[in-house]
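What follows is subunit A paired twice: with subunit B in the first complex and subunit C in the second.
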Partner chain A sequence: MTSFALAWRTAACYRMRSLLAMAGVAIIGALLFDMLLLSRGLVESFADLLNSSGFDVRVVAQEGLPVLRAPIGEAGRLASDLRRLPEVDDVTLVRIEQAVLTGATGETTRVSIIGSTRSSVRSAWTLLKGSDLPDAATPSADPCPLIVGRHLAEARAIAPGATLTIRISATRQPTALPAVACRVLGIGDFAFGNATEFAVATTMSALAAADTMRPGDEADLVLVRSRSQAGGRAAARAIARVRPDLHAYSNEEIVAEFNQNGFAYFRQVSIVLSSVTLVFTFLLVGTLLTVSTNQRLGQIAALRALGIGRLRIAAMLPWESTVLVGAGALLALPLGGLLAWRLDRLLREMPGLPERLHFFVFNSGAVVEHALLLAATAVVAAGYPIWLASRLPIADTLRREVVG
Partner chain B sequence: MTFASDPNGMRAARFRIAGIYEPTPDPMRFTAARMEARMHLPDVIALTADPRDPAAAEAVDAINIRFVDPADRAAFQSDLRARAPGLAATPTARAPEHDPFAVLDRFHVAISVVTVLGGTAFLLALMIIRAEERREMIGLLRLIGISRRSLLAAVLLEGFFIAVIGAIVGIAIALAGERMVNMIFQRRYDTALVFVRVTPSVALRSVAVAVPLGIAAGAAASWSVLRRGILSLIHR
Partner chain C sequence: MPAIVEAKSVGRVFPMPAGPVTALSGVSLRVERADYVAITGPSGCGKSTLLHLIGCVDSPSSGAILFEDRDVAALPERERSRIRLTRIGFVFQRFFLLPMLTAAENIELPQAEAGVAAPERRQRTRELLEYVGLADRAGHLPSQLSGGEMQRVAIARALANRPALLVADEPTGELDEETGNHVAGVIDRVHADGTAILVVTHNGALAARASRRLVMKSGRVLP
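After this line comes the complex of A and B, so read on.
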């Protein structure tokens, strides 16, 4: 009989304890799997979110991220200068203001209003209903076309074709700007929008016309798409060369910066909890195997007396550990997926987070890492029981366990 | 020390350092390198105000207000909106629905629940092995006339003591972990922020969960042996 068959028979013989041990490994393994997903999930999700906009360089006026509010003057000229760079394929100017939406009965709602020089800045929003904003190059009869965010549209029952009265909030100015009537062209889902924020988007010219407190040619953010042969980093360096007063960051640099600072908490939680769960699994499987081996010393001595070699007996225990941990680890994957879904929902309730950002993102690397870590734990946990079983004096043990 | 609000170093002003301070720990900014200096408001205004803007010398970012009667807050907010368009009065305390730490708290509770569930499964498995080990002894005790109820009470008592000792050891490990985690993270981020704190309420909550679980696991595992007949227990 092989070592694996012996281990399998032991697991089958002590069914209840084996099932409970597998359940324990499955639950702890699910937590370990989730922590491995968490260690990279947020960064991968954030990188996906940035890349989905179709622009790989962001130009801002001040060092450090996230900085969006320091204005960039003469933005039109800047866009023309950047378009001439051989590393740059496309440039879009973005301006963000706070505004107040006044309803038919006088009730007000605070909204963020985004103005951009390009319609549907690729995936900055996904159009759900109606039509998109007109392109900046196309003359439009509509002085203030709007794309309304899904949350706002649902909360205020807004449909394409509706007219909204919007007044820009003049920050730090003791004044009120006149309200502007804007026509809703479509309803969209904003990539960077969060569940608690109401957002609308319009053209740069419409926003500049509505906000007379700021110079018309001012932007808060410049989005740049690099040429594929140059790449984001090269484009960012080229922009820094021509405009040293501004700060250009490629998507990779932004993700690295956030990974270092913004997401440090979750990375560290993931490291601490992964280590704790591994130690926990090791201690519990190790204790379980040790207690179980101690209980079966008579059996093991009898098997040795029957002629089953020391090596085969010793090999039975890692197999036993592998059966328990392996079955638990397999169960841990779907259980971990379910737990990750629930924990992700819970963490995404955090205020101010983009709705499309996820904390737990499935990746095959985490599955492999999970399997390797648990396999190593199973082998290490079997160490002491192997030592116990292989040093067992046959005659003494039989006398003590059977005759005694 | 010379400060200038202009990146080119124009309109610089020299200041004498009166003291060095530890910034108030801020959990929202603990990963940021906080390059800060504090000075009197007139000095900040003189350093940063735009000379072309006559109103700049009168401008501030925020005004902190304490009410004689906190119930007046809503009336004040509405009054301010009417009198000074563009200004907004917001409470300094964060509403629970806007508190990221309330979400983190729920996340930690969820992780704890999962850990307790995993631990309970292992505990049950160990207790079953332990109960099996004592099967013959329980048979002998039953043979000499000790009732099932007395044996169950003994098992419950044993489970209680083991759970209490386990919980105390767990709290001791948590206290040691608290010191270690705080030391590592405070050094790593150069902050006085306390990252882990084992409070009496946390310790009590752990005991309140661990003790009933320990007793229940012991009782459940032992019952599988106690309910058997005496002859079966002594292999006859």
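After this line comes the complex of A and C, so read on.
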């Protein structure tokens, strides 16, 4: 009978103890699994969100961070310059304003309005109903065509074909800018949208016409798609060379920067809680095995007296630990998945977060890491009981067992 | 006749916080192939200590234990373990069967450790269970056996690798008189079949079955 088989039979023999150990490991393991999902989830989800737009470089003015856009002047010329770069495949100008939207009933709503030179800015929104915005190159019959975000459409019962008026208003103060009548072409699901902040999109020219206070040829953000053979980093470097007055970030650089700064809090929480769960697993399994070994000292001494080797007996303990931790770890995966789903929903209810951003993202790397960390903990937890069993003085133990 | 094991003026001193305690002093003993030796004496007189030395699970503080002419103290632990596995069978007062293994599996365990192939192991286990009268209890766990049955399984386990010497420490200590007699009968048979026996006991009836009876007192064998 192998050491593993003996360990398995021991776990089966002391059923209640084993079940309690497995339940304990399952609960702690679920938390560990969630922390591993959290440690990468937000970064992966953010990267997915950035990549879903189909653009891999973002260009902003020097005086700004990637998400706090500063206006870029002469954006049309900039777009032409960038298109000429061999590393660049496509360029789209984006401008974002705050506006007040008025419906047919006179009800007003504050919205973010996105103007772009391309229809749908790749996947910045997914069209759910109606038709998309026309391309910048395509002449449009509508002076102000609109794509309305799903949440706004649901909240204000807006359907394609509806007419709304939009008045650009960066603050909540009254504005002298004219109200522009817009026609809803379609309803879309915005990648960066959320349930509490409403958004609409229109063409760059329509937005420029509505916002006469700003120069018409101004953009807040330039989205660039690199040629596949060049890649985002090379395209960003090429842009920086021709326009050193601007900042060009590839998606990888933005993700790396957020990983270092914006998401560091979550990563640190994840590291601390992962470490705590591993310590708990170590203590739980180590204590159980130590108690169980102490209860079986007589048996162990008897086996040694019968000539069963030190190694064979010692090998039972890491296997026993592995059986308990392994079964607990398997149970931890669905339990952790369920917990992650629930926690993700709770965290995503925080205001201002893009709806498509997730904190917990399933990935096979986390499963492997979970298995490796718990396996290592199982082996370490068996360390003291192994020492106890292998250093056991046979005669003394047998004598104590009889006297006891 | 050549000795299986010989204790040559052995002494055993246990270091204790309050000062060293001498458990054995100048004990000499020779167990030969046809021997059935019973050691009796009051509690704490050193019987079990002597048995542990003879059974190669402890080393003397002075003197020497020769097992088949080899000085046990000079052997590495691995070699002593091998001697215990193949040349000595241990029977304990508290049986110490593994609770998660069946009677048959408990008997197979030392054979597996000695590298006996599975078919031979099973055959030998069947024979041993028949030998101790428990052929119908092969698949039972220790918790499903009585005290006497557990001790008979323990004897079968001790005989699994055909040892030259069976050492038993109070083998009837946990049993009632009738069951003890039954177990003593099994030990008689083992002796009759050619295995030397060294038994430590308080049980006068069991000691009376031995061919040689030694009485110990205060760490010494009385003349």
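Here is the rule we go by: the second predicted complex is superposed on the first by the 386 of 404 C-alpha atoms of A that agree within 3 Å, B and C clash if a C-alpha of one lies under 4 Å from a C-alpha of the other, contacts with A are read in each partner's own complex, and residues count from 1 in each chain.
As a convention for this text, a residue touches a chain if its C-beta (ideal position, glycine included) is under 8 Å from a C-beta of that chain, and two chains touch if they have at least 3 such contacts.
Being a predicted model, the structure only gives us computed values, none of them experimental.
**Q** Overlay done on subunit A, so just call it for subunit B and subunit C: clash or fit.
**A** Once both complexes are aligned on subunit A, subunit B and subunit C fit side by side.
**Q** Give one of first, second, both or neither to describe whether A:Ile394 is in contact with subunit B, with subunit C, with both, or with none.
**A** second
**Q** For A:Ala179 in the superposed arrangement: first (subunit B), second (subunit C), both or neither?
**A** neither
**Q** Check the contacts made with subunit A and report whether subunit B or subunit C touches more of its residues.
**A** The larger set of subunit A residues in touch belongs to B.
**Q** In the overlay, answer first, second, both or neither for which of subunit B and subunit C A:Leu346 touches.
**A** first
**Q** Considering only touches as defined above, state whether A:Leu127 meets subunit B (first), subunit C (second), both or neither.
**A** It touches nothing on subunit B or subunit C.
**Q** Is A:Ala305 in contact with subunit B, with subunit C, with both, or with neither (first, second, both, neither)?
**A** Touch partner of A:Ala305: subunit C, not subunit B.
**Q** Of all C-alpha distances between subunit B and subunit C after superposition, which is the least, in Å?
**A** Least C-alpha distance: 11 Å.
**Q** Hey, what residues of subunit A end up touching subunit B and subunit C alike?
**A** Overlap of subunit B and subunit C footprints on subunit A: empty.
**Q** State the interface residues of subunit A toward subunit B in the complex, per the touch definition above.
**A** So the residues of subunit A in touch with subunit B come to 14, 16-17, 20-21, 23-25, 27-28, 30-31, 169-176, 196, 245, 260-262, 264-265, 268, 272-273, 277, 280, 284, 287-288, 291-292, 295, 339, 342-343, 346-347, 349-352.
**Q** Which stretch or stretches of subunit A touch subunit C in the complex?
**A** The touching residues are 1, 6, 9-10, 12-13, 298-299, 301-310, 312, 394-395, 398-399, 401-402.
**Q** Which positions of subunit B touch subunit A when the two form their complex?
**A** Residue positions touching the partner: 7, 31-32, 59, 61, 84-87, 97-100, 103-104, 106-107, 110-111, 114-115, 117-122, 124-126, 128-130, 132-133, 181, 185, 224.
**Q** Can you list the subunit C residues touching subunit A in their complex?
**A** The contact residues of subunit C facing subunit A are 48-49, 52, 55, 57-58, 77-78, 81-86, 88-90, 92-94, 96, 98-101, 105, 108-110, 112-114, 157-158, 161, 169-170.
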